[in-house]
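Okay, so subunit A shows up in both of these, paired with subunit B first and subunit C after.
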Partner chain A sequence: MSVRPRFDPNRAARHRRARIGMVVFQLATLVGIVVLMALLYNIINNAFGLAAIEYRIYPATLGLDLETLPQTPRERLLEILETHLSPGLRRSLERTRPLTQRSNEELAALVLERVLQPKVLDTWPLVPSLLHTQDIVAEVHARFPQAEVRWVRWLNTRFLTRPQSSAPLRAGVRTAILGSLWLVVITAATALPLGVAAAIYLEEYARKDRWYNRLIQVNINNLAGVPSIIYGILGLAIFVRALEPLTSGAVFGAVAEGVTANGRTVLSGGLTLGLLVLPIVIINAQEALRAVPNSLREAAYALGATKWQVVWHHVLPEALPGIMTGTILALSRALGETAPLVVVGASTFITFDPVHPFSKFTALPIQIYQWTARPQPVFRNLAAAASLTLLLLLFLSNGIAVYIRHRARQRRLV
Partner chain B sequence: MAQTLSSVDLRGRPRRREGLIQVLLLASGLLSILVTLGIVYELVKGAMGFFTRPLWEDTNKPLAADVAPSDTVLPVRPEGAAIPEGAIIRVDEEIMRVQRAEETALQVERGLRGTQPAAHPAGVDIFLEDRVSLWEFFTGTRWIPQAGEFGILPLVNATFIVSAIAMLVALPLGLAIAIYLSEYASPRVNNVLKPLLEILAGVPTVVYGYFALTFVTPLLRRLLGPDVVDIYNMASAGIVVGILVTPLVASMSEDALRAVPRSLREAAYALGATKLETALQVVVPAAFSGLAAAFIVAVSRAIGETMIVALAAGAGPNFTFNPFEAAETMTGHIVRISGGDLSYDSIDYNSIFAIGLVLFLITLVLNTLSQRIVARFREVYE
Partner chain C sequence: MTETPAVELRNLNVYYGSFQAVRDVTLAFPKHKVTAIIGPSGCGKSTVLRSINRMNDLIPNARIEGEVIFEGKNIYDPDVDPVEVRRRIGMVFQKPNPFPKSIYENVAWGVRINGFRGTKSQLDDIVEEALRAAALWDEVKDKLHQNALALSGGQQQRLCIARAIAVKPDIILMDEPASALDPIATLRIEDLMRDLVQNYTIIVVTHNMQQAARVSDYTAFFSTDESRTGFLVEFGPTAQIFTNPKDPRTEAYITGRFG
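For the complex of A and B:
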């Protein structure tokens, strides 16, 4: 080996370079933070703002206030429907269910949907809406003389509680949230027991010098690196096609003829995500088991406990907080996954909630994908609102994970 | 409590439950092997279906006269593509093999592959059987399923361009963050920065896709001009994929840098080296294999990343080296064609397995390489 002399006697220059280097590294870190801020800014900026809305009949002309529409006196709502609906439409509505028997909420929804008929013409993000309110109002008056300028919170309680709709102002993510929850429950139910069992085997039982145990370990590490879309293809081939009678519920007679989703069910999606997060659950659980001190095992063995008694009564309870934290983080990953669900065949437009494992489904990330991919700018606002919802859900679940870890640490300190 | 030692049975008993539990646990471990085998089996089976599936190419060479079920010579018009001897052809639903081909007549063996010889009227087109060859698949520069052209190069090319842009962003940024965290930052700063990086790593990829399309693309278009940058382009997708893998590069690199023994740094300081000299000339070279592993894993992640490219890089395969043009990657293509109502009996369905297999093999090689490097690098300091 030849050693190159690299001594630079100019100390002042070297120290200057050292200071510049530190600034560069700090700046790089700052860039990371700025990007995170830009991401959040971009989403929040698009989830709220001004919108130019055109009505068929303006609420003011009827003496209505949009914010308190369901609280309008019942007689007034009925009267509006009476006078503004075409006789044919009214008859068909009466036939489905007499108007007088409907709740105030339903009447208000009818008034909005059939009488007022709001239509979004254009939208502006939050920051320009705040800074240039006057200019926007002027622009709207010039471009769309009839339109009304209104503040819209795209993320609001109605957005969270309404099903999907093709009209942007009425669209919501209830179906998608419920679909995501179903997926997470099915994923957890498959990946948690299987993952923890595999981790126990590898950490507590497996002899590391056996080739097949090494193979299992290497294989799990490799599986964790397989792109998520490959799991989607696997799910499509196995759960959707090969196991169709099972995943469509036909075997159990659970689904009436004609409404079957042909294996493209929330069960198929959940099982696919289960396989996807399995290696992550195993690796995290292994780490939690490894953190359990050996003295605990040895003490239990010394008292005559069998291997399983040691694992079940001593090692597992001690490792449980770590396992839970790791599992929740893995489930967060499942909550945000999109590509495998698209391949497995999540529905893009459904308005009914998933009620059993054999339902068609959509999920929050799918909804974001669909809305983002649409060319009309209004749907970008909906996508932003749905993204914000998803991020809040993830924040919540990660918060729970961090809390569990924190509490377990405190208990250990006492 | 009243038991005396002699009344306790201390003889060993067979514990069947213990054995059963161990078998169940082993079975859970083996399931992961089964998943891998399942992936390989389904991808290979689907890809085989892709390469053995007959594509019927219109020869534009119609029958010149009516053909009865018993005829073995088909009169054809001279125009259209030439039909080689031994080729498989299809007339209506019937499949035949050409035994001798002349300008205006084909001698054929009729009713192949379970089809029945039938009468065919004059003017019916003859279809020539074609298959996607491995050669065409790996060297073709056009992917047009409707025209029967399946060259994967445009998809692979777009994947590599997006990944290259991503690594141009993630490598310097991730490495600089890692050096800052491991060599410069105080534990308190670390406690603030690491959760921030974890948040960045935990953002769903579809949200990054939204970010790419509604923030980075408009930014690029404003900086470089809308004539230069398309609405859908690989550069925007690549930059955001780079942001996505930066936390991964940073945290793996930081681990590698922290694994370098303190004594090396102290020796450098004792020789009068500055902090920068120590970091760049001592610590980084010492951790090189770990950094290489991080880099390779990040490349693998970037190649497999789907939603960002599906939203921001554009739909439609396009063989181009211009990063500001739209081009579909392998993952983007799979998502787009499986997003619609995909018929199981179509070449499109089969093609996603062929693409998936290529994708799987590329990422497998990269991940294995990275694990090898990590295993070797651990040996150095333990």
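For the complex of A and C:
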């Protein structure tokens, strides 16, 4: 009685459709890769290249080598400063601190800043610098007969270790890196414990059939999608304004002079970013807890364990690698946030390092933003170098996340 | 049976939300015997088993009516702590689920969390005793501190049994303990059950009727009605259930005519 099914396999058409699908997926991947490469190309292109530099006094005429300036004999540096500084300037420098008491680095910096006075006239990106070196040199000689053409690595150790400065050749990102690190530490210190605790409540304790728990869950999911500037405004209202006595450090009394800035401190910034990533941390931690097999919970319960023992001894350790990777990825996002920090009041130009939670601060994205907004072309190169620094920091933190996951997987297979 | 049963179900009804999973089960499990619970899929065997040590409490919308009498007391009374119930009535699950820790820790953990106060060597003794009782000691004594997940499936299941024994329960519930294992490992588990029944009451849910016939002293046969609610059809000594069942439905099932 059974009806014999009639097949129309049309395999050719099915295979064709499969091939089209594959090509579409490959194209999508390719687009992503191309965009990423373009981004990297753009940044790297601007972070290195030729620059036309003009000096008030050329280093060669004084027998100086720029690369090894701080290693120049001390007497020579002092002698240069003696002969080339105006008496008035020298007196005022001596008054701040006698030149002879200053370190070689400081003297070298003074020579560079006050005597040589390099000035970047124009810069060229990496690719044209490589391909059209001759043309550029010729162009520089035509336009600025005085200038010297030099290769500049805008991202160099000096750049990483020097504070911000208005002179592009002396500007660095140390302040911004330290500010970003402070922010990440404060963000992690608030978002990690709060987020994990909330996730444990929601996953392990809350009854999912209760409307209020569902409401909380929906709210958290939505909060993860709230634009970051809104968090900035929230942070401004709560941490900078309402909690000013706390976040400025006023209630804690002794705070170093000149470093505090009412509520606009690195603490406020960190707490704001903490709020920003909290929903993401919660959701990630929930995912990680949900991935812990129920059989593990049952095994523990069946031995007469209390809920706390089950969660603390088994569920949490099992979920920890997942929680850590999720948190680090969330922190990476915090590391790149700009908008809320602008609102909370990150300084755009400070030259001293944040030394405690109540310091004024700046962060790498703020610094990049500030440099890109400058009219002089040379700051583009600094912005590119700072972007590269930020990218490297992000790679580093993501690398740590991958490593933790890898370690956890290895441990399980032992 | 004149002896008091190890645990007794009285008019047990189990609901998951509005669905009734088990209807009106009254059943006494004899002490120091292996009782097998058999029946077709979805007849509530596991549900009944899990209600004996209050594992169903962990399922959010599960609800229980009736009584489970253990040592003269209904374990669902408000003053009974499910944590203590589960210590006294242990459980071994279908899929081996050792903790992702060392073999030693797997056994020692249950002892420790139940408030064990003693020396390291006393704990070592408890671990060894439990592993010996589970017929696993000789295979693992040289690698006690290796990860339990490196063991074979059969070894893992015996480790789970050792883990359950270590906290000195009175009853061990086994939910299809051999269904994920190969025939040789299955036989070892069955032998083990026969050994353990000297000291423990064992209640085992199984899909495998030969297994029920081989290991159990008593057998309870469950079936389902049209609304997929499970109920007890027949309970009796295994030999009688398999050779001379009173209920035609039991006979139909064990002769393979349905289920």
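By definition in this document, the second predicted complex is superposed on the first by the 379 of 414 C-alpha atoms of A that agree within 3 Å, B and C clash if a C-alpha of one lies under 4 Å from a C-alpha of the other, contacts with A are read in each partner's own complex, and residues count from 1 in each chain.
Operating definition for what follows: a residue touches a chain if its C-beta (ideal position, glycine included) is under 8 Å from a C-beta of that chain, and two chains touch if they have at least 3 such contacts.
None of these values were measured; they are calculated from a predicted model.
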First (subunit B), second (subunit C), both or neither touched by A:Tyr369: first
Partner chain in contact with A:Leu223 - subunit B first, subunit C second, else both or neither: first
First (subunit B), second (subunit C), both or neither touched by A:His313: second
Partner chain in contact with A:Tyr301 - subunit B first, subunit C second, else both or neither: second
When both partners are placed on the shared chain, which of subunit B and subunit C touches more of subunit A: B
Partner chain(s) touched by A:Tyr58 [first = subunit B, second = subunit C, both, neither]: neither
Touching partner for A:Phe144 - first (subunit B), second (subunit C), both, neither: neither
Interface residues of subunit A shared between complexes with subunit B and subunit C: 306
Parts of subunit A lying in touch with subunit C, wherever the complex brings them together: 207-209, 293, 295-306, 309, 313-314, 318, 412-414
Residues on subunit C engaged by subunit A in the complex (per definition of touch): 53, 55, 58, 60-61, 83-84, 86-88, 90-91, 93, 95, 97-100, 109-110, 113-114, 146-147, 149-150, 160, 163-164, 167
Footprint of subunit B on subunit A - complex, ascending: 6, 14-15, 17-18, 21-22, 24-29, 31-33, 35-36, 38-39, 42-43, 46, 193-195, 197-198, 200-202, 205-206, 213, 215-216, 218-223, 225-234, 236-238, 241, 275, 278-279, 282, 306-308, 332, 335-339, 342-343, 345, 348, 365, 368-369, 372-373, 380, 383-384, 387, 390-391, 394, 398
Contacting residues of subunit B [partner subunit A, same complex]: 15, 17-18, 21-22, 24-26, 28-33, 35-36, 38-39, 42-43, 45-46, 172-173, 176-177, 179-181, 183-185, 193, 196-197, 199-200, 202-211, 213-215, 243, 246-247, 250, 274-277, 279-281, 297, 300-301, 303-307, 310-311, 331, 334-335, 338-339, 342, 344, 352-353, 356, 359-360, 363-364, 366-368, 371
